Amino acid sequence: MRFFSDNAAPVHPAIFTAMADANVLDTAYDGDRWSKQLDARFSELFETEVRALWVPSGTAANCLALAALCPPHGSIVCHRESHIQNDECGAPEFYTHGAKLFLADGEGAKLTPETIGAVLDATRYDVHQTQPHAISITNATEYGRVYSPAEVAAIGDLAKARKLALHMDGARFANAVASLGCSPADVTWRAGVTALSFGFIKNGGMNAEALIFFDTALADATLYRRKRAGMLLCKGRFLAAQLLAMTEGDLWLDLARNANAGAALLAQAAGDRLVHPVEANEVFIRVSAAEAASLRALGFDFYDWGPGEARLVISWNQDPADIRPLADAIAAL
Amino acid sequence: MRFFSDNAAPVHPAIFTAMADANVLDTAYDGDRWSKQLDARFSELFETEVRALWVPSGTAANCLALAALCPPHGSIVCHRESHIQNDECGAPEFYTHGAKLFLADGEGAKLTPETIGAVLDATRYDVHQTQPHAISITNATEYGRVYSPAEVAAIGDLAKARKLALHMDGARFANAVASLGCSPADVTWRAGVTALSFGFIKNGGMNAEALIFFDTALADATLYRRKRAGMLLCKGRFLAAQLLAMTEGDLWLDLARNANAGAALLAQAAGDRLVHPVEANEVFIRVSAAEAASLRALGFDFYDWGPGEARLVISWNQDPADIRPLADAIAAL
Amino acid sequence: MRFFSDNAAPVHPAIFTAMADANVLDTAYDGDRWSKQLDARFSELFETEVRALWVPSGTAANCLALAALCPPHGSIVCHRESHIQNDECGAPEFYTHGAKLFLADGEGAKLTPETIGAVLDATRYDVHQTQPHAISITNATEYGRVYSPAEVAAIGDLAKARKLALHMDGARFANAVASLGCSPADVTWRAGVTALSFGFIKNGGMNAEALIFFDTALADATLYRRKRAGMLLCKGRFLAAQLLAMTEGDLWLDLARNANAGAALLAQAAGDRLVHPVEANEVFIRVSAAEAASLRALGFDFYDWGPGEARLVISWNQDPADIRPLADAIAAL
Amino acid sequence: MRFFSDNAAPVHPAIFTAMADANVLDTAYDGDRWSKQLDARFSELFETEVRALWVPSGTAANCLALAALCPPHGSIVCHRESHIQNDECGAPEFYTHGAKLFLADGEGAKLTPETIGAVLDATRYDVHQTQPHAISITNATEYGRVYSPAEVAAIGDLAKARKLALHMDGARFANAVASLGCSPADVTWRAGVTALSFGFIKNGGMNAEALIFFDTALADATLYRRKRAGMLLCKGRFLAAQLLAMTEGDLWLDLARNANAGAALLAQAAGDRLVHPVEANEVFIRVSAAEAASLRALGFDFYDWGPGEARLVISWNQDPADIRPLADAIAAL
C-alpha cells in the first residue's frame, strides 16, 4: 500500500467518462463548448464573477498567477518551505522573468501577518531592492495545515494595506475546503485572495488545474502568457471536461473528504508521534529508522521526511478499510 | 463535415485504451514504467540512440528544442511563414530568453540552402548582431509540403558547415514520413537533424508530443527546462502511454497515411485550383468568395486562407467515403 | 580625415569642464544635485512636464523605453533597417523579456502610417500572435532622413487610434531638430511621442543619453529597471553633468548644426551620386570600388555601405574647412 | 566630513588626465587602442593569461560574470548579506534569466566551506530544484572583512570538488589586496576563482570596472551579453583609459592602502565598539542614538546600520589628518 503522494494516484473514473464524452470534433484550443463553460461554472462555485482558465499543471497555474501579480523587478513573499520556492525548479523566476521570492517563516509552513510583516519591514523601499508586489500562501500547506477564513483574511488585510496582491496555491485546495467545511468563497476572495491555483490533479484529476482570477481584469493578459508558455493545448476540451466533471455536484469535495478522513484515521493512531496537527490529507509522524523499516516490511511505502520523520499522504481513492492496517501498524509501533 | 484543422479532431480509441491501462498507481512525473520506455522505443524507431521526452504541446516541444540549441544572445533561421514565428505568441522568445528569429523565404514555406544562405550572408558577424546558432524547418510545412531526405540533407550539410544546429518542427512529421515512404531516420538524423518535435496530437493523440534529441547530450539540461516551464506533469504516465500506443506497430503511420490519402482525393478533384502541390494532409485551393460560400452551404467547413484561398485539412479519422462528397463538390464548382 | 561615424568622435570640451566641476563628493547614484536638475531642465526644453533619466548608452535608452511600453508578450513595430533591429544584438528582446519586433518598410528607413498599417493589418488579433503595443521610429533615421512634425504626428495619430505607444530613437535627435528648425516639442510629444531616447553621445557627449518620458507615469517603474540592468551608475552626477552642459544654452543644437552643415557641403558636391536626400549629418553616395579607393588614397576614411555605396558621417567637431577637401574630391570623381 | 560611502567620493585626477589623453578620434566601442591593451595589462597584473572587459558598473561586472557561470535553470550560492542579493534590484536574476540565489551564512558576510556545504547538502539533486552552478564571494565583504588566499582556496577546492564555478565580487578588491599584501593572483585564480569583478569606481575611478575571466573561454559569449545589455558604450576608450590609468604603477593599490590606513585609524580609536574586525576601508561601530547624534553634531556623516550601529567608510582621497578628528570624537564618546 503506497502513501507516497496523492500526485501519483490513479485518475477518477468520472474523468475518463468526461473525456470520452468530449472526444468529438470541436474547436481547437479553448474555443470549444467545455472550455467556454468554465467561467460560469467557477463563478457559481465561488458565488462571484471569476475568470477560470484550465492549465495542465499546478506549476503552470502558480506561475501564470504570479506573473500576473508581480513584474520582473518585483518580489513575492512566500514561505521558505513552499512549493514555489523548493519544488518548481525556478518556474516562478522563469514565468515572472526574474522576480525574487522573499522567504518568510511560520509554523507548519503557514505564513502569518507577523512573519510576512517581518519580511516586508526588512525590505528597503528604494530602487536597490526589488519591491514586494504579492504574497503567496498555500492552502492546505506542504505540511497538511489549513488556513481558516479568518487566517487568510488577516493576511488579506495586510496585503490590502500594503497594496500587495494575494495568491493562493491550492494544489490541495479541495482538502482545505473539505477540512474547513466553509464555502470556497470564504477562504478565497472574501478573505482577500486575488488569484487561486485550484488543484484537481492530486484529487483524482488527470492533468487539469483551474487558474481562478477573482480580479477578473488579470485574466486577459494571462491568456497570452498561457499561449506563450506552450500551455494552450490544442485539444483543451479534454482539460475543461475534467474540471467540469470534478465540479459537477460535489465530486471534488467528496474525494477530498475521503482522503482527509483517511488521514484522520492515521492521525488518531499516531497520537504523540504527530509532527503537525492533521488537518487535511497529509500525516507527518516521528519514527525511528527501525520503525520506518518495520512499517515498510509490512508493505507500506512512504517518504522519509528528513531524519526521524515520515510523510504519509492519503489519496482520493484509498478506502478506510485499506488504511486501517497502516493505522494499526503505527499504533503498534 | 469539418476540414478546419487536424488539431481539433477527436482522439484515437487506442489512446483511451492506453490511458485506461496506465490508470494505476505509479511513480509521479516521469519516473513511471511508461515514461522509462520512451528512450528505447524511439531509439528503435529511429534506428539510433536518441533521448525522448514527452511534452504536452507542440509549442513546448519546439521551444524546449530551440532553447537547447540557441543561447539568449543567438538567433534561429526559420521560414517567415513558420509556426514558431507566427503562431506561438512569442514562445520561442520566451523559452530562449529572447533569441531572435531570422526570417527566410522559400516556396511552400520550405527553406532551401539558398534562402538560408541569403539570411546567413546578410548577417554581420560582430557583437552588434545576434549570431545564428540554429536553423528550424517544418516537415510537413504549413502548406502541406514535404522535405525529402535529400532536401533535408542539403540543409543539414549547410548547418554543419556553418556550425549551426538543425531543428525540425514535426507537428505533422507522421504525414511527412507517410508521404515519403522513407525511414524516419532518413529524414532526420541521417540528414543532419539535431532535434525533432515529433507530433502526435494532430494525428489522433490527445496531449502528448515527443521531443527527440539525436544529439543526446542536449537532453539533460532540457529536463530542467521542462520542469521549470511547468511542463513536467505529475501524472506523466498518461502522456508516455499515448506515445507508446501511437508507436506500437505502425499506428502513427497508418493514421497519417489515411489523412494523406484523403488529401490526395481532394487534390485530384481540385486540379488547377491547387495553390500548392499536395504532399501531406493539407489542401490549399483557389476559390472565389461565392464558391467558398457554396461549399459551406453544402455543409463543408474550412479556413479562408487569405482572399481567394481556402485551406482544407484532413484528419486521421476522416474516411474517404466522407471526403468524396467534398471532392465532388470542388470538382463541380 | 575620418568620416566613419559620429560615435567615434572626440568629446566636447564643455563636457570635460562639467565633469571636472562635478568632481566633488556628493550623493551616490542619482541623488546628487546634478541628477536632480534633469526633470526641470528637460521639462523646460520640451515646454511640458517630462521625466528625464540619464543612461550610459543609446541602447540602454532605447530598450528601457521599449520595456516600459511593451510587455513580454507584446510586439513593437519598427523599420527593418532600424538600429534596434540590426545593431543592438537583441537588446530589445533582452530588456522586454522577449517581445517581438515586427518589421515594416519605408523609404530611407522612415516608417509611414501606410507601412505601419500594413504590418498591423497583417497581424491576427488572437492569442496565437504577440499583439502590437508600440511603434518605434528613429529621427534622424539610419540613412540620415528626418521626420517632420507632420510626419511624426501622422504616425502619432495612428498610434493613438490603435492604442499603441510611440517611441522615438533619437540617437541623432539633435541633428533632426537642427535640420527641422522646430521646437523639440513639435516633433515629439505634440506629435504623439510617448518616450524619447535623446542622444548626446554622437553629438559630442562622452557617455550620457537622456531617456525622456512624456508619459511621466512610465518613469517610476523604469527606475527599477535601470537599476536592475546595472545602469544606475554609482557616480551618476558625471552623466547628469554632461546632459546639463549639453543643454546649457543651445550647445547641443549648435554642434548638430555644424555637423549638418558639413553634410550639406558634401551633399552639394555629390549631386547625382546621393542615395538619399541629405537632411542631417549623414551622406550616402554611390561610388564604384575604384572611386572609393581613390578617395581613401587621398586620406578619407568611411564605411562601405553595401556594394557601390559609401556612408560619410560628419561629426560635431569637423570644420567646413576640413570637409571641403572631401567635397572637392567627390566632385572631382 | 562624510563617511557615507566610497562610491560617492570624487574621481582621482589621473583618471581625468587619462580621459583627456583619450579624447581623440579612434574606433568606436572596444576597437580602440586603449581597450585593446586590457587583456595584456591585466594578464601581467595577474601573472597569467586573462581576458579583461571594461563595464560601466559593478552590478554589470557581477551579473555578466554570473550569467557566464550559471544557466537560467541553475543557482548560485552567495551570502545572505551579499550585494548581489540585497543591493542590485534583482540584476542577477535579470542577467541570468532567472537563476536562483541560494543564501548561505557566515560571520562578517564571509562564506566558508562549511556554510556553503550546508546549502549544497540541503539541495535535492533532482529536476525539481535548480542545481547549483556557481559560488559567489565578496572580497572585501559588505562588512569590510577580507578573505585570505587560504580561505579563498578552501572555497575554491570545494567549488572544484562540486564542479561549481567561483565568482569573486571585488567591488573593493583593491582594499582586500592592499590589506593582504599578497599578489592579486594569490587570492584569485591561484585559489580557484573563475571570474572576478575588479572594482575601481569605489577606489577613485569614475565609471569603469574590469570584468576578469581567468577561464578565458568564458569571455567570448560575454562580449555578446555585454552588447545586448546596452553595456558596450560607444566611446569605450574612456573606460579603458580609466582602467589603464589605475593599473599604471601601483595607483590602485596606493589609493586602497590610504583608505585602509584611514579605517585602521578609526578602528584603533573605536576599540570595543567595533562590530567587525577592520581589515579594509569599512568600520562598523556600536553607537547609541545619542552618540550617533553627537558625532553628527560635530559634522561627521555616516550610515546608521541597523539600530545601535553605524557604518563609516573611508575613501581613497581622505587624509589621515582629516580622519583624526573623527577618531578622536569616537574615542571621546
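All chains are identified by letter, namely A, B, C and D, in their written order; residue positions are counted from 1 within each chain.
Keep in mind that, in the parts below, a contact is a pair of C-beta atoms (placed from the backbone, for glycine too) under 8 Å apart; a residue touches a chain by one contact, two chains touch by 3 or more.
Bear in mind the structure is a predicted one, so any value in this text is a computation, not a measurement.
Student: Please state whether A-B or A-D has more C-beta contact pairs across its interface.
Tutor: A-B
Student: Going by average Cα coordinates, which chain is farthest removed from chain C?
Tutor: It is A.
Student: So the centre of each chain is just the mean of its C-alpha atoms; given that, what is the distance between chain A and chain C in Å?
Tutor: Each chain reduced to its C-alpha mean, chain A and chain C end up 50 Å apart.
Student: In whole angstrom, what separates the CA-based centres of chain A and chain B?
Tutor: 34
Student: List the centre-to-centre spacing of chain A and chain D in whole Å, with centres computed as mean CA coordinates.
Tutor: 42
Student: What residues in chain A touch two or more of the other chains?
Tutor: Residues 72-73, 88-90, 94, 97, 127-128, 130, 224, 227-228, 232 of chain A touch two or more partner chains.
Student: Chain D touches which residues of chain B in the complex?
Tutor: Contacts found on chain B: 29, 71-73, 97, 127-128, 130-131, 221, 223-228, 232.
Student: Can you tell me which positions in chain B touch chain A when the two form their complex?
Tutor: Result: residues 2, 4-5, 7-11, 16, 19-20, 23-28, 55-60, 62-63, 88-91, 94-95, 201-202, 206-207, 224, 227-235, 238-239, 315 of chain B touch chain A.
Student: Give the list of chain D residues in touch with chain A in this complex.
Tutor: Where chain D meets chain A, its residues are 72-73, 75, 86-90, 93-94, 96-100, 127-130.
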